[in-house]
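Following this message is one structure expressed as structure tokens.
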Amino acid sequence: MLNKLLITGADGKLGSVCRSRLHGLATTIRLGAREDVGPAGANEEIMYCDLGDKDAVEAMVEGCDGIVHMGGQSIEAPWETIKQSNIDGVFNLYEAARKSSVTPRIFFASSNHAIGFHEQTTRLDANAQVRPDGLYGVSKVFGEALARLYFEKFGIETALVRIGSSFPEPKNHRMLATWLSYDDLISLIESVFTIPRLGCPIVYGASNNDASWWDNRETSFLGWKPKDNSETFRARIDAECTPPAKDEVSAVYQGGEFCGQGILEE
Amino acid sequence: MLNKLLITGADGKLGSVCRSRLHGLATTIRLGAREDVGPAGANEEIMYCDLGDKDAVEAMVEGCDGIVHMGGQSIEAPWETIKQSNIDGVFNLYEAARKSSVTPRIFFASSNHAIGFHEQTTRLDANAQVRPDGLYGVSKVFGEALARLYFEKFGIETALVRIGSSFPEPKNHRMLATWLSYDDLISLIESVFTIPRLGCPIVYGASNNDASWWDNRETSFLGWKPKDNSETFRARIDAECTPPAKDEVSAVYQGGEFCGQGILEE
Amino acid sequence: MLNKLLITGADGKLGSVCRSRLHGLATTIRLGAREDVGPAGANEEIMYCDLGDKDAVEAMVEGCDGIVHMGGQSIEAPWETIKQSNIDGVFNLYEAARKSSVTPRIFFASSNHAIGFHEQTTRLDANAQVRPDGLYGVSKVFGEALARLYFEKFGIETALVRIGSSFPEPKNHRMLATWLSYDDLISLIESVFTIPRLGCPIVYGASNNDASWWDNRETSFLGWKPKDNSETFRARIDAECTPPAKDEVSAVYQGGEFCGQGILEE
Amino acid sequence: MLNKLLITGADGKLGSVCRSRLHGLATTIRLGAREDVGPAGANEEIMYCDLGDKDAVEAMVEGCDGIVHMGGQSIEAPWETIKQSNIDGVFNLYEAARKSSVTPRIFFASSNHAIGFHEQTTRLDANAQVRPDGLYGVSKVFGEALARLYFEKFGIETALVRIGSSFPEPKNHRMLATWLSYDDLISLIESVFTIPRLGCPIVYGASNNDASWWDNRETSFLGWKPKDNSETFRARIDAECTPPAKDEVSAVYQGGEFCGQGILEE
Amino acid sequence: MLNKLLITGADGKLGSVCRSRLHGLATTIRLGAREDVGPAGANEEIMYCDLGDKDAVEAMVEGCDGIVHMGGQSIEAPWETIKQSNIDGVFNLYEAARKSSVTPRIFFASSNHAIGFHEQTTRLDANAQVRPDGLYGVSKVFGEALARLYFEKFGIETALVRIGSSFPEPKNHRMLATWLSYDDLISLIESVFTIPRLGCPIVYGASNNDASWWDNRETSFLGWKPKDNSETFRARIDAECTPPAKDEVSAVYQGGEFCGQGILEE
Amino acid sequence: MLNKLLITGADGKLGSVCRSRLHGLATTIRLGAREDVGPAGANEEIMYCDLGDKDAVEAMVEGCDGIVHMGGQSIEAPWETIKQSNIDGVFNLYEAARKSSVTPRIFFASSNHAIGFHEQTTRLDANAQVRPDGLYGVSKVFGEALARLYFEKFGIETALVRIGSSFPEPKNHRMLATWLSYDDLISLIESVFTIPRLGCPIVYGASNNDASWWDNRETSFLGWKPKDNSETFRARIDAECTPPAKDEVSAVYQGGEFCGQGILEE
């Protein structure tokens, strides 16, 4: 059991899921957030922090032996936004981890958008080449590389989790392959923090969906077996959504609509 | 949902299974057959056609947006028979598809006999080298290659399904590995026609049997999860069939008895 | 069904499990042992034999059409001990098999310690390089190589089963990945002796554990599907055992504590 | 040294190169041709034969212990032409080989057009999936599959040589990668007929060009080392040919212009 | 032949080598530099520019159909330095390329330090996982990912060249494997700009050294054959340099001394 | 440069080649031999020793920082002979190395007979499965595994060199693929002892022959480039030797005649 687990982005969607579900993992949960997260609950402490602020990040990280990094920008945005949160912010996080009095283990929320330009008819494993589908995806490649550096050089272990689409339910046909249920997200985080030795593996964050593009065979040592299956929702999705035509970007590429976007300008 | 689904070989074993089970896939089912298939049912239309007759094939294919190609010769035969049905016939089918006013998606009933000379102790995936075990198997390699050409050049999508042994129940020890239940065949056809983008994948058509030689990992994007398991029938097979000795052709090669046949002459 | 199945090491832990569970496989069970195994039961015959005694081994093997080789040294020991049981003993066994009036099929209890110096974060399949973690592991590499020779040269089929940790229950965190339940061990032996053609495959002997380092994909032709899952015991293990730190040998290497031992001297 | 070597297509370009260069391989050279090949030279015999004529092919093949099969259609053509020469013709050839009093070894002139729809930026080896770029390419896939069948079933060895562009000199930018000099073609044929055991390998027929898409690593056992290099001709080609734009079919696909052709009709 | 080739970092070591050797590739050479590069020669134009200055970069890139990007930080440095040159600077470069009236092809000087934490006893090809050995290496991973994005989304072709050690002569034992002679660097650049279709390949920039860690097999389509061999210099290096002990960082990792550095602070 | 290099088997064929060619590698050459090796030359010392004599082996190994292990049995022999030299003898050697006051680096003369049952039409690299072709081959697999253990556990580096056929000239058709010239053997030994970090790689010991079954790509870090080519001798071999028929053991398997031998009895 961890002593102090930091959840960054605690004011975001997945951050709040983690807040409500991970109390069993640590004596204290520290919530890192930019926006208001309400009052601290039992065994919670709150630290407001901008990831671009190096000193604040160091203070937030100090003393934590686990970090679930959900913070930062989680969709495509203009370069300055991406850079501040996901380039500088991640650098600040790893520097803080290196300087902390306790070496933390880290769950890094990477994204399928790091490999979004692979076609949906292709199966990927941890050895797949990166093919980011936007500046957001490029920033995740950066974060994965930085984490790998800090693992090799300083022994900081990170799970590089390329999250698919983590929502209460899949919302469209593409998500039949990419959906990650909250239960499966939580069980993955638990695996990451309870296995004796983690290393720095790339893991694809998707539930046990019938339709699948990603192969976690290389990380079976984690013992993570997702239980949910998007197939449960297929009838509803068929009823509510028009499936894309075969040449639409959301049917061709794993990254879906992201692959069709241009570079966003301020 | 398809507008008009053509089932070729509707007078054959698998063709009639399809006829009775695929009505949910299309507004109209067109039945292509050489022999009598009885009266047309609701939403059915019947077209008698020899696959070697180019004009008849064009008429049969015209207007269909889906084709389940079960027609042609399905076991070893003399060259002229194979050639007419499975060489000329398949060429006629793809030419008709190319010329049709509607570009159809095709389920092509290929066969494990395209790879039948691999040993049973070897696991194959979609990248395995072909090793046909007879003229029939060679004709299936031809069909797969032709389908690939029409995909690359004209965008006609085909699922190249190397069907194992599709029967109500497995009949002998070899079929413990090769059996494809009718339910699983039908669910595979449904996956092929409902996925937004198919491409031109090679799929092995076998149920979820404990004993397995084939790996569909590369086509998990289809979301097809066969549910039946030949293991259910093992006790009965053990009771009814003498297992082959270790050096008999039906124990050595994936294609079984086909590998022991000579070239059939007229 | 076999005529006569020899179980070597019948006085050992796994040997006695086999004795009590394999009567359905053969008309007669012959028990090979060094220590007392009590009185012969129905359809049992007992032959006391030291594996280092060539003539005794020939007598023990003669007439058997199946051998489950559980005999020999099963943990690290000084060289002379290892050599007598697992080098000379295995040579004697295969020579006896070659000379026997009946060519037996063999289940060879190899060990995960043949590949014990691979890291736990690495997934292995049958093509993995050997990395023995002690003299015991080296002797298992020797046995696998000898079995392969006798397969290629004399057609003697052997299943080279790299057994993980076969106990009634997993005993520590490492065994969450390596545990092989007795039920799954027995069902594997049954598969080995009932499949028409075995060849000389490498199989990893582990149950269907959530945490897994080993991939039996290449031997799916066996039809062996382990049913038990160490996960059932995780809570108890968490309660009873302190998990190793990330840099302890039992967290780093697949062979666990064996990797930390020196060469034992007499 | 062979007793009697048949060169089919002796009236064609590569056939006549073979005629003039292979006399050292066999006591007698038999020339198979449709068109006039002039008078027979020393140790030559001539047999006029249409590959679609089964009896004529049997007569032509009878008694030969080596066959260089250069005959048949060598560029894209309407289906009936392709079928007669490269489908029926190849079937007739292998049937004749099977029935011959002498089992011949065969050099089968397959073509890069069997894999022409792979991109030029991809490196292929003998395990590459076929991607034919026309009916001609499909017929070569057929021929390779048929040869494989006759190897597995009847022990007839064939070298499946996917010839690139065999001309005195490369003619355009694409041929910098695909060029096979006549010297290298001849030395390949010599290797095929002098190695004690050939099997049925796929070989890419290209010279030792700096620019290369094909990897013959898997067939290094042949000992064939092409000596010529298209680079010698680069300056001339740069001077004489406009290089294609990056999105022209001759710059995108290995099959070059073939990939841009439609289906030819009679 | 290019119309206008931009060489960034023209004031640096490799930039000046390019300046003096690439005049044959383009009608005009535009030199991008921060420091003084002397007077413009024939067919040269000079643009002083800081890569962190977006508008200046756009002006520098405008109108160029080729870019050799040697600019930016080329060794480890504090984060702010790396970020300005190699993160922001590269983003500015690709944005400028996207906005330019002419779509340029780009030679991107990536680095072996993107994969520096692989061991020297491991052979890498284009599919190797990144393992950067410092912030510099991480920035090169970023640049490669960004280039890939602009290729997939906007069709901008880039050669991602992981340069080893480009000096007039190798300087120490590690460089026997990593050395890239100036001649071979120049011939690689020429290949990149003359091949009709480039795509976005990863290429290892090392000469034809006997000792080699890197495999360019996947990019043989480029037709680049380095001619120089570090072996020529082995005697001198043996005389002048003490080889590292087997456990020194410069003998263990491909990145050499970089792997032993800490994070540099301002 | 080494201080003291031990050459075992100095009374054997390859041992004496080493004796006469390796003086440049070490200040002192220690010759280990069973039979008379004549008087010690300059900088030579001689130690007569039976590899089965543990104490003698310890004395022989003590103080050496390099070992070329050419000693032991080098062709098929009865089990007791193999066991004494190549099982016990190799164990004694590695134990001596472990106990020595100086940790030596070792060149272990393994053999192609460790993989002799692979077919000649198959290309092997360092990851190939072992397929020994006799007790001799099995003993080499044992030696490789033991060396790997002592590398992982005690840091003793060994080059596992699967020597093909090392003679002044190739003697038959098989040796066109397996020949290792003395010059190339010596240059390989030099590479092994001069590279700063060796690890424990598997290397195939064959010259730069046109015909090749083995791929040393994985060990290109050694910088070993064999220079000789058996092709030089092809004409002579063709003149002097009848090539084997395609189904003779010397044409089928890499191990050649060894594959056809039985188990030798005393």
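Every chain is named by a letter (A, B, C, D, E and F) in the order it is written, and numbering of its residues begins at 1.
Throughout what follows, contacts are C-beta pairs under 8 Å (C-beta built on N, C-alpha and C of every residue); 3 or more make two chains touch, one makes a residue touch a chain.
These numbers come from a predicted model, not from an experiment.
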| item | value |
| --- | --- |
| Lowest number of touching-chain links that must be crossed from chain A to chain C | 1 |
| Winner on C-beta contact pairs when B-D is weighed against D-E | B-D |
| Chain pair repeating B-C, as identified from A-C, B-D or C-F when over half of the contact pairs by residue number coincide | A-C |
| Same-site or different-site touching of chain D by its copy chain F, using the half cut | different |
| Chain A-chain E separation of Cα centroids, rounded to whole Å | 32 |
| Separation of chain A from chain B, taking each centre as the mean of its C-alpha atoms, in whole Å | 41 |
| Multi-chain contact residues (two or more partners), chain E | none |
| Pairwise chain contacts, counting only pairs that touch as defined | A-B, A-C, A-E, B-C, B-D, C-F, D-E, D-F, E-F |
| Complex interface listing, chain A residues touching chain C | 157, 194-199, 201, 217-225 |
| List of chain B residues in touch with chain C within their complex | 119-123, 173, 176-177, 209-213, 215, 231, 243-248, 250-252 |
| Residue ranges of chain C in contact with chain F within the complex | 79, 83, 87-88, 91, 95, 98, 114, 117, 126-127, 129-135, 137-138, 141-142, 145-146, 148-149, 152-153, 259, 262-263 |
